[in-house]
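Chains: A, B, C and D, in written order; residue numbering restarts at 1 for each.
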Amino acid sequence: MTDLVPNEQVKTRIARRIAHEFMSQRRRMFINLGVGTPTLVANYIRDEIIFLQAENGMLGVGSRATGDQVDPLLINAGREPVTETPGCCYFDSATSFGMIRGGHIDATVIGAFEVDETGNIANWIIPNGRQLGVGGAMDLVAGARQVVVAMPHTSSNGKPKLVRTCSLPVTGYHEADLVVTELGVFRFRDQRMVLTEIAPEIDVAGLKTVTEADFEVDPGLRPMPV
Amino acid sequence: MTDLVPNEQVKTRIARRIAHEFMSQRRRMFINLGVGTPTLVANYIRDEIIFLQAENGMLGVGSRATGDQVDPLLINAGREPVTETPGCCYFDSATSFGMIRGGHIDATVIGAFEVDETGNIANWIIPNGRQLGVGGAMDLVAGARQVVVAMPHTSSNGKPKLVRTCSLPVTGYHEADLVVTELGVFRFRDQRMVLTEIAPEIDVAGLKTVTEADFEVDPGLRPMPV
Amino acid sequence: MILDEKTCTVAEAVAKIRSGDRIMVGGFGNSGYPEELVDAVTESALKDLTIISNDLGSPGIGLGRFLINGQVKALIGNYYNWNPDVAAAKNAGAIAVTLVPQGTFAEGIRAAGVGIPAFYAAAGVGTDLAAGKKTAQFDGREYVLERAIHADVALVRAYKADRRGNLVYYKTARNFNPLMAMAARLTIAEVDEIVPVGELDPECIVTPHLFVDNVVLKVKP
Amino acid sequence: MILDEKTCTVAEAVAKIRSGDRIMVGGFGNSGYPEELVDAVTESALKDLTIISNDLGSPGIGLGRFLINGQVKALIGNYYNWNPDVAAAKNAGAIAVTLVPQGTFAEGIRAAGVGIPAFYAAAGVGTDLAAGKKTAQFDGREYVLERAIHADVALVRAYKADRRGNLVYYKTARNFNPLMAMAARLTIAEVDEIVPVGELDPECIVTPHLFVDNVVLKVKP
C-alpha cells in the first residue's frame, strides 16, 4: 500500500464511501457483501431499506454476533457469527444464488487482486498458491446488478491493483461498475474507467503514478469524502 | 365398451386391481394418480406406506373432502376438494414436478386414449377437438418410475384402445409399463406387450377380437381378480 | 430514514400494468389465484395481453373472463380442457396458444426467476410439443432444450404478507405463485392478511420480500 | 400394515456407504454439517471417496478429517481456501479437485434432484472454470452449459425430522442440505430431534419425506 493514508484508515474509508454510495440512492436495495473489507460496509449503513443478503442462505443479515448472541449455526458467508434482523428469512443455497443469478440483488461488494481498465476482475485465485477456491465470486459478478470493488489502491508491496490487463485468472469480464480505493472512486462507463472522486492526500498526477490502468478524469471530479 | 362387464363395474375393477398391484409390493411407495378412473385407485389402497402425491403441490393427499371438510384452497390436480393426512406437506409446482422428473415418484396411474404394442401412450389431445391441454401428462410418463395405464378395454363406440400404432399424438414413447383394463392385465417387457391376467368373462381368443395390438400371452397367465 | 411501503390498493397496483404486457397469474383451476387483481384486470381497458398461467379457469369464470372480454392476445400454459373457449378461440385464429408440459412450465418460470436461460428436460421428447426444439443426449437419454418463461407482471395469491412483502401461502393455493413471484419485472401479491414485520417465522417464509414489489389486501369475502 | 421405519443408528446408516462412493455432505464451513455421520465416516475404513461439498472444513477439523485420513479420491466443490490441505494434496497429485462456482454448484445439485441433466448459467463465462464446457448465446448473452451433480449418498444435517422423514432446518444450517437430500440415491439425515408424524407444520416442511431414506438422531452435545 502507499504511505499516503494510514493503514488503519484504508479499510474504513473505503467501507464508509461504499455505504454512502448505497444510502445516497435513497431506494430499497438488496446487497451482498463479500469477505473482508466489503463486510465492513455494513457498519456504516444507516438505512432501514438496505437489506443484506448472505449467499449461504439468509436475507436480512444483522450485525456481527458477539458474546451470548453467538449461534454457531447462524453465520454469514465468511463463517462469522451474525445476528437476525426483524423480517429476515432463511432459504437454501439454490434459492440464494437464484436471487443473485436472477438479477434480484442490486449490488455486490467484493475485494479483488486486480481490476483492469476494461472492468475485468481477478479475485479468485493466485495460481499454484495455497488457496483453491472460487466460492460465489463468479456467480456474484455475473449476477448482481452492480459490482462494487473495495480494495486498497496498491498491493502490500506497492504494486498497482488497477492494471492495464489482468495478469491473474479472471473472475468475470467487464463486470466491474465501481471501484473504491482509499485514494479515489472509479466508475466504468462503456468499459472505460473514469475517475470521479479523488482523495485529499493526492492529485491526479500523483494518482497516475500508483495506477497502472489508463483512466479518464470526470469533468466533474470531486474530492472523495474521508 | 364391450358388453362383457357391466359398465358400472369397469372402473372399480380396474382401480381395485391397480391398488392391489401397489399393495402387493409391500414397500413404501409414492404415487401420482391422474384424473378419472386413476383417482378411484385411492379408494382401494389400505396401506399406510403408500403416499399419494398431487402435482399441484401436495404429498400425503387424503380422501375426497365432503360437506364441512371442503376447503376450496385444498384440491387435487383434478380440481376436486381433498383432505389432509398426518405428515402431509405442501410445496410449489416446480418442486412437485422435481419429484416427478427426478425419479422420486414410484408410479403414476393415468388414463389413455390409446396404448400401442410398443408401449407408446396417447392421452393428451384429440386434434381439432374442443380440448387443448397437456397438463402434467408428458412429465409424468417421462418421469415416474412405473407408468400404469387405467382404461376401459375399448372405447365407448367399441373400438380397441390397445392398438398396433397410436393414431393420436403421442404423450410419451415406450413409457407404458402396465395396462389394466376390465378384461386383462398387460405388462410391457422389452417393448413387447404381454398378457399376464385375464378376466373371467373372456378367453384369450375372445380378447384378441377386441384388441388390435399384437400381444404375447404369459406362460403363467392367471385369472384377473374381479 | 426512508419509509418502505409496498402495500397499495388493487387499483394502484393494476394501474402499473400496460396493454401488451406478459402477465403471469398464479392458481390452479379456479383455486388459488389472485381474485381481486384478476377482477380488476377484467374491469380495465387492458388488452393484447399474454396470459401465462396453468389454465384459464372455466368459461366466463376466473381467468376465463380475460378471454370473453377480448383482452387476450396469447396464452402460454398447459391445460385448457376446463375452458373450451380456449380451443374455440384458437381454432378461430383469435388467439395464439403455446402449450408447455406442466412440469416444464413450472421449471421454466422458476428458471426465469433464478437467471437460467435454458435447461434440458425429458418431458415431451419426440412429441408435437417438442417440435422445433433442440434436443441433446445426456448419459444415453434424449432431452429437449426448454427456455425460461419471463413476464412483465406477476399477479400472485398468497395467504399472509408482512409489511415488507415476505409471503407465506395456504395449502394447495401455493402452486405456481412462489415461482411467478420470482419471474416477473413487477410482482404484485394479493393476500388475505398483512402482518407486522417480524411476525412471520423466518424459517417458514416461502417468498422472501426481495421478490415482491407490491402487496394488496384481499377485502371481498 | 407394514411398519415404516426410517430411524436407525449412525453405525447402521454409515454401513450402507461403500468405498468409492460419491458422497454429498451438507454444511458451510464448519457449520451446519452432519457431525456424527461425518465422525462415523472418518472412523470407518471407507476410502476412495468423492466428497461433494461446499468446502472441506478446516485442516483436520470437520470434513477436513476425510483428507487427513487419506479417504479422499476426489473433491467436487467450490471453496477450499479455509483448508490449505486441499491445495497441498492437489498440488502433490494425491487427489483430484473439481471447482464449480458456488451458485452453479448449488443449482447443479438441485438439477440432479429434479431430473434436469444440464442447464445454462452465466457464471464463469470465459474463465478457467468454463474451459472445455459448451457455451451458447441466449438473448445476446453468452452462457455455459453446466451438468447436474449426482451422488450415491447424501449426508445432510437437519434440525427436526418426523418419524416419516419430513425435515425442517435451523437458520443458516439449511444451506446445501435440502438440495443434497434430493440429489442422491441414498439420503441420510442427522437431526437434533425426532418428533411424531403430524407435529411439523405441513406448510413449513422444507424436505418432504419422499427424499429421505434414513434418519439418525444426533446424540453428542
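Simple rule for what comes next: a contact is a pair of C-beta atoms (placed from the backbone, for glycine too) under 8 Å apart; a residue touches a chain by one contact, two chains touch by 3 or more.
Nothing here was measured: the structure is a model prediction, and the numbers come from that model.
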Most widely separated chain from chain A, with each centre as the mean of CA atoms: B
Result of counting contacting C-beta pairs for A-C and A-D, higher pair: A-D
Intercentroid distance (Cα basis), chain D paired with chain A, Å: 29
Chain A and chain B: spacing of chain centres that average the CA atoms, whole Å: 56
Interchain centroid distance [CA atoms averaged], chain C/chain D, Å: 32
Whole-Å gap between the CA centroids of chain A and chain C: 35
Touching two or more other chains - residues of chain C: 107, 110, 114-116, 121-122, 169-171, 202-203
Where chain B touches two or more other chains, by residue: 90-91, 94, 97-98, 100-101, 143
Every chain pair meeting the contact rule: A-C, A-D, B-C, B-D, C-D
Complex contacts: residues of chain C adjacent to chain A: 1-2, 4, 110, 112-116, 162, 164, 166, 182, 197-198, 200, 202-203, 205, 208-211
Footprint of chain A on chain D - complex, ascending: 28-32, 54-55, 78-82, 84, 86-88, 90-91, 97, 99-107, 109-110, 121-129, 169-179, 206
Residue ranges of chain A touching chain D (in the complex, touch as defined): 54-58, 71-77, 79, 90-94, 96-98, 100-101, 125, 128-139, 142-143, 169-173
Residues of chain A defined as touching chain C within the complex: 26-28, 30, 47-49, 51, 53, 59-60, 84, 86-91, 94-95, 97-105, 143
Interface residues, chain D side, partner chain C - complex: 107, 111, 114-122, 136, 138-139, 141, 143, 147, 168-171, 201-204
